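The following pair of complexes shares a single chain, chain A, combined with chain B in the former and chain C in the latter.
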Partner chain A sequence: MSAESPSPRGVPLLEARDVSASYGHVQALKPTSLHIAEGELVTILGPNGAGKTTLMRALTRLTASKGSVLFRGEDISGLSTHKLARRGIIMVQEGRGLFPQMSVRENLIIGGYLHPADTEEQMGTVFDLFPRLRERVDQLAGSLSGGEQQMLAIGRALMAKPQLLMLDEPSLGLAPRAAFEILNTLRELNRRGIGILLVEQKAPLALRLAQRVYVISLGKIVAELQTHEIKSHHDLARYYLH
Partner chain B sequence: MTSHATISIEPVGVRWQSMLPPLAVLALAGLGLLSSDYVVTVLGFAFIYAIFCTGLNFFMGYTGQASFGQSAFAAIGGYGSAILCADYGWEPLLALLFTMAISGVAAVFVGYPTLRLRGHYLAMATFALGLIVYEISIEWTSLTQGYMGYSGVPPLGIAGFDLVTVKQQLVALAVVALFGVFVAARLRQSRFGRALASIAGSEPAARALGVDIARYKLIAFVIGALYASAAGSLFAHFVGFISPEVFGVTMVVQSFAMLYLGGIGTMWGPTIGAVIVSVLPEALRGLKEMQDIAYTAILIFILIFAPRGLAGLSALFKRDRAQTREGA
Partner chain C sequence: MPNAVEFLQSVVNGIGVGLIYGLVGIGFCVIYNASGIVNFAQGVFVMLGGMVCQVLLAQLGIPLVLAVALTIPLVAISGMIMELAIVRPMMHRGATLFAIILATLAAQIMIERIVLLTLGDRPRTFSEFTPGGPLKIGDVAIGYQLFWILGCGAFLVLLLWLFFTRTRTGRALRACSQNREAAQLLGIPVSHMMLVAFALSAALGAVAGILVTPTQYTAYNVGTPFGVNGFIAAIIGGFGRAGGALAGGLLLGVLQALAIVALGAGFKNVAALSVLLVVLLLFPNGLFAGFGSKAKAH
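Take a look at the complex of A and B:
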C-alpha cells in the first residue's frame, strides 16, 4: 500500500511550479507552487472559495491548468487524470464520488481496477483499516452513513495502491467523532509511507495531523508553515483575513 | 444525459433464477415452432430487436451514455448484407460478419470525435448520425434503391445449408440472441465491464481511479455498433427485403421503449423489453381501434410500477426479502 519506489534523495514526491487554473475569464487559481516530500502529510487550509479544490483538481488534471507538475522529479504536467492514477496519484474528491447504486464490495473492486490481481489482498487491508466496511460489504454505498461513505471513498482509493493520496475535505458533513476517526486513519496511512495532500477547512483537526501547512486565500498560497510553528489558531486567522 | 441505469454489477450466477430468462427465450422459440408463420415472424422481430437492444444497452445502460444513432449501424449491416448477398452472391453468414467489421470501423471513425461530447450534445450528435445514414439510404438510389428498397435477400445460411423456413430462422435468431446476452454478460463481469460501470456511476471518480474514459466509451460504442449491425443483417435475411423506413426514427423510439421497459443496465432487460414491445401490440390486436390506447396504457402502467424496468423487479424483490430478513 505504501510508496514502492521512493524519490531520489532530496527530490520531492510532488512538486507544483506556477500551477494556475481559470474558469472562463475568472482566474480561480493564481500561479501557485508547492511541494510534498516523500512520506509527508501536508494540509492545504483556507476559507471557502479560496481555491483549495481548484488547486487539487488542477494538480490531478480534473481541471485544465497551466504550469508544471513533477512527480518524483518527472514532469507529469501533460498527463491526463487516469494516467496520473497509474503513477500512483489518487484523489478522493469532495462529495466522495462513490457509485451509490453499487455495493461496498463493488465500489472496492472498481477501486482496484488498476491492480486486479491484488484485489482480494487489498480489500483485506481496507477491511482491517475500516472494519465497519467489512460488516457492510454487500450494502449499497448510497445507503451508508456519511462517515461510512467517507471510509469507503478512502478505502476505494487505497485499492488503487496510491503513492500520493489527495483528499478534498474528507471531514465535510461528518459528525466530529466520525471526522476524527477518518483523520486518524489518514495519520495511520501516512505512517505506512503514503504521501498525503489534504484539503481541509477544519483547521484544528488538520493541524493535529499535518507536518506542514499551506494556507491559500483568494486563489494563491499566502503562507507555508511547519505545524509546530503555529502556536495558536490566531496565527492562522491573520492569513484567513488576508 | 447520464442514464438512470442500474449500474450494479449483477453476478452471473448459475442459480436457478438466472436460468429463467434463457429458458423463457427458448420456450418462446419452441412456442413459435408450434404456431403460425405470423407468430413466428413477430417473435423473430422480437429476437432481432433483442440483439439490437443488448448492444444499445452496452452504451446506454452499462456506460451511462446516450445514443440515438445506433440505427445507422443497423442500416449498414442490413444494406451491407443485402447488397453483398443479392448482388455479389456472398454467403449470408460471411456477409453478416463482414458488415459487422465495417460497422465497427465506422463506429471508431464516428465515435472518436463524437464521444468527446457529453449529455444532450452527444445525444444530438448521435441522432444526427442516424438521420444522415437514413438520408443516404434514401438518396443514394444507385446503391440502396431508395424508397423502393432492396429485395431478394437470401435467408441466413452457410456453405449451402440455408435456413429456408421461418421456423428454422426463428431458432437461429433465438440462439444468436442468447449468445449476444451471454457475451454481454461475460464482458460486463470483466474488468472492462467494471470500468464501464464506473463511467456510468461517475466519470470524474472513474478517471481518478485510473479508468481511461475516452477509450472505454469508444469501445462500448463500437460494441453497440457491432450488435446493431448484426441485428440489421439478420433483419435483412429474415425478411428478405429492406427499405429505409426500417432504420428510421421509429427504430430509435422502439428500441428506447424496449430498453427502458425491460430494464436499462440489466442483463436481460433488453430481451424482456424487446419481446414485450414486439408481442404486446399483436396480443392486443383484437381490441381493434382501442389497440393503441390499451398498448400505451400498459406501457405507462409498467413504467410507473417498475421504473427500473421489468428486469429490475427481481432486484426490488430481493431487496425487500433482504430487508425483511434484517428486520426479523
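Take a look at the complex of A and C:
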C-alpha cells in the first residue's frame, strides 16, 4: 500500500528541526523539532490552541514555516505541498477536507491523482479496508455520515500511496464506536508499514496505538515519551489518560 | 407591444447572443473555481477571438478552418500570459484577491489599448461560416450563423462536461474549486491548474468571439459589453456553476432581445441590470441555488 524505498538504516522517515510558524506577528509554533522512524506511529497530544494543527500545516507547507524538514535524510524544506505529496507525505486535514460535491468514487480517483495507472487496484484495497465505501461509491461525499466521511478521507489518502500519513483529529465529531473503528484502521495501516503522525484529542485511544508521544503546549513541544512512560509522569497521566 | 413574429424573432436572436454570454460566463466560472479570482478581462478574450480570426482571414488570407484552429490556441496563450505575468506574481507576493481582480481589469484596458495601437479602431467583421440565408420559418428569419452558434455552443458544453467529469485534469480542476488545500495535499499542482483554467477560459472566449463576429462586428472595445453580460450571466446562474452560467446567458440574451423590441434599444442594459437585481434579491446565490439558498441567506 505504501511506496517502497525504506530509509537508510538509522535515518528517520521524517525529521523536523526547529520548525516554527507565525500568523502575522503571532508565533503560533515556536522552534520545534521532532522525528518519526520508518513504520512508526507517533501521536501529538496537547490542549486546544497548543499548536498541533499549526505544526501539521507547517510540516506540509500549507502554512509558511521556518526551520528544516528532512524526509529520509533529504532536505525537503523548500518543497511546496503538492511536491511533498509526490514524496509520499499525505495529510488528512481536520474536518476531513473532502470534495463534497464529488462522489465517493471521484474523491478516490482524485486521491490517486499521482498514480493514475494504479487507480482501480488501489481502490480495491481501499474498499477491502472500508467495505462501507463500496456500498456508497456513487453517493456524494457531502451526503455521507461523519464516520463514512472519515473513512473516505483516509481511503482517499491511501489512494496517494503514502509513506507517511499525517492525520489531524480523525475522530473529531465521531461517535465513540466510529472513532474506535477509525483508530483501529490506523493501527492496521501502521502494521502494513505506513508511518503515521497522529494528532488526536481522544488521548486514551491514541495512546493505545502510538509507540511514542510528543506533548505540545503553548506552541512548543514540552515532552517526548515512549507511550508506556506516560504513566510515570503523573501530571501527564492525569491529564491525558482519564 | 411586439407582435408574435417580432416576439419569436427576438427569442431566436436572444438565444444566439445568450449562448455567447453563456460561454463567456462559463469562462468566468472556470477561472473563479480554480483560483477564487473574478477575471474582469474575460470579455477581452471574446474581442481577441474575433480580431485575431479576422486578421488571419482578411489580412493573411488563411482559410476559415485554419484561421479558427490558429485563433483558439493563440488566444488561449494570451490567457496563460495573463496568469503568468499578472495573477501568479501577485499571488506569490501575497496580494489580496481584490487587488488581483482589479489587476485583471487593468489588463483588459491594457490589451484593448495594444489592439487599438496595432490594429486601429476600425470595426471589423468576416463572412458567416455558411453563405446565404437566412432560413425563413413563416415570417421568422433565422441566420445560418445562429445554427453554427447553437451547434458549436452545444458541442462545446458537451466537451466541457466530458473534460470536467472524465479527465484527470478536469477532475483536478473541480477538486481545486471545492477544496484547494485538500487538492494540494493529494499532489495536485494548484498553480498549474490555474494556468490550465486561464487557457481554457481564454479559449472559450475566443470561440465565442469567432462565432459572434459574423453576426455583428468586432473592434478593440467590444470586450467590455461581452464581459459585463457574461459576468451577469454567471451571477444569475450562481457564480461558479458552468451550467448555471449557460442558462443565465440564454435567459439574459432572450430578455435583452425582448426588451429591445418592446421598449427600444436603450433598454437593453436596463433589462440586463434589472434581471440581475431581481435575481440577486430573490436568489442571492443565483437561480440554480434555488429557494433553499434564499432561506439560508435569511
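Going forward, the second predicted complex is superposed on the first by the 231 of 242 C-alpha atoms of A that agree within 3 Å, B and C clash if a C-alpha of one lies under 4 Å from a C-alpha of the other, contacts with A are read in each partner's own complex, and residues count from 1 in each chain.
Just so we're on the same page, contacts are C-beta pairs under 8 Å (C-beta built on N, C-alpha and C of every residue); 3 or more make two chains touch, one makes a residue touch a chain.
The shown structure was predicted, so the numbers you read here are calculated from the model rather than taken from an experiment.
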item: Simultaneous placement of chain C and chain B on chain A, clash or fit; value: clash
item: Partner chain(s) touched by A:81 [first = chain B, second = chain C, both, neither]; value: both
item: First (chain B), second (chain C), both or neither touched by A:106; value: both
item: Which of chain B and chain C A:127 touches, first, second, both or neither; value: neither
item: Partner chain in contact with A:160 - chain B first, chain C second, else both or neither; value: both
item: Overlap of chain C and chain B interfaces on chain A (superposed complexes); value: 60, 62, 80-82, 85-86, 90-91, 93, 97-102, 106, 109-111, 113-114, 116, 156-157, 160
item: Chain A residues touching chain B - in the complex, by the definition given at the top; value: 60, 62, 80-82, 85-86, 90-93, 97-103, 106, 109-111, 113-114, 116, 140, 156-157, 160
item: List of chain B residues in touch with chain A within their complex; value: 6-9, 191, 194-195, 197-198, 201-202, 204-213
item: Touching residues on chain C, where the partner in the complex is chain A; value: 168, 171-172, 174-175, 178-179, 181-190
item: Touching residues on chain A, where the partner in the complex is chain C; value: 60, 62, 80-82, 85-86, 90-91, 93, 97-102, 106, 109-111, 113-114, 116, 156-157, 159-160
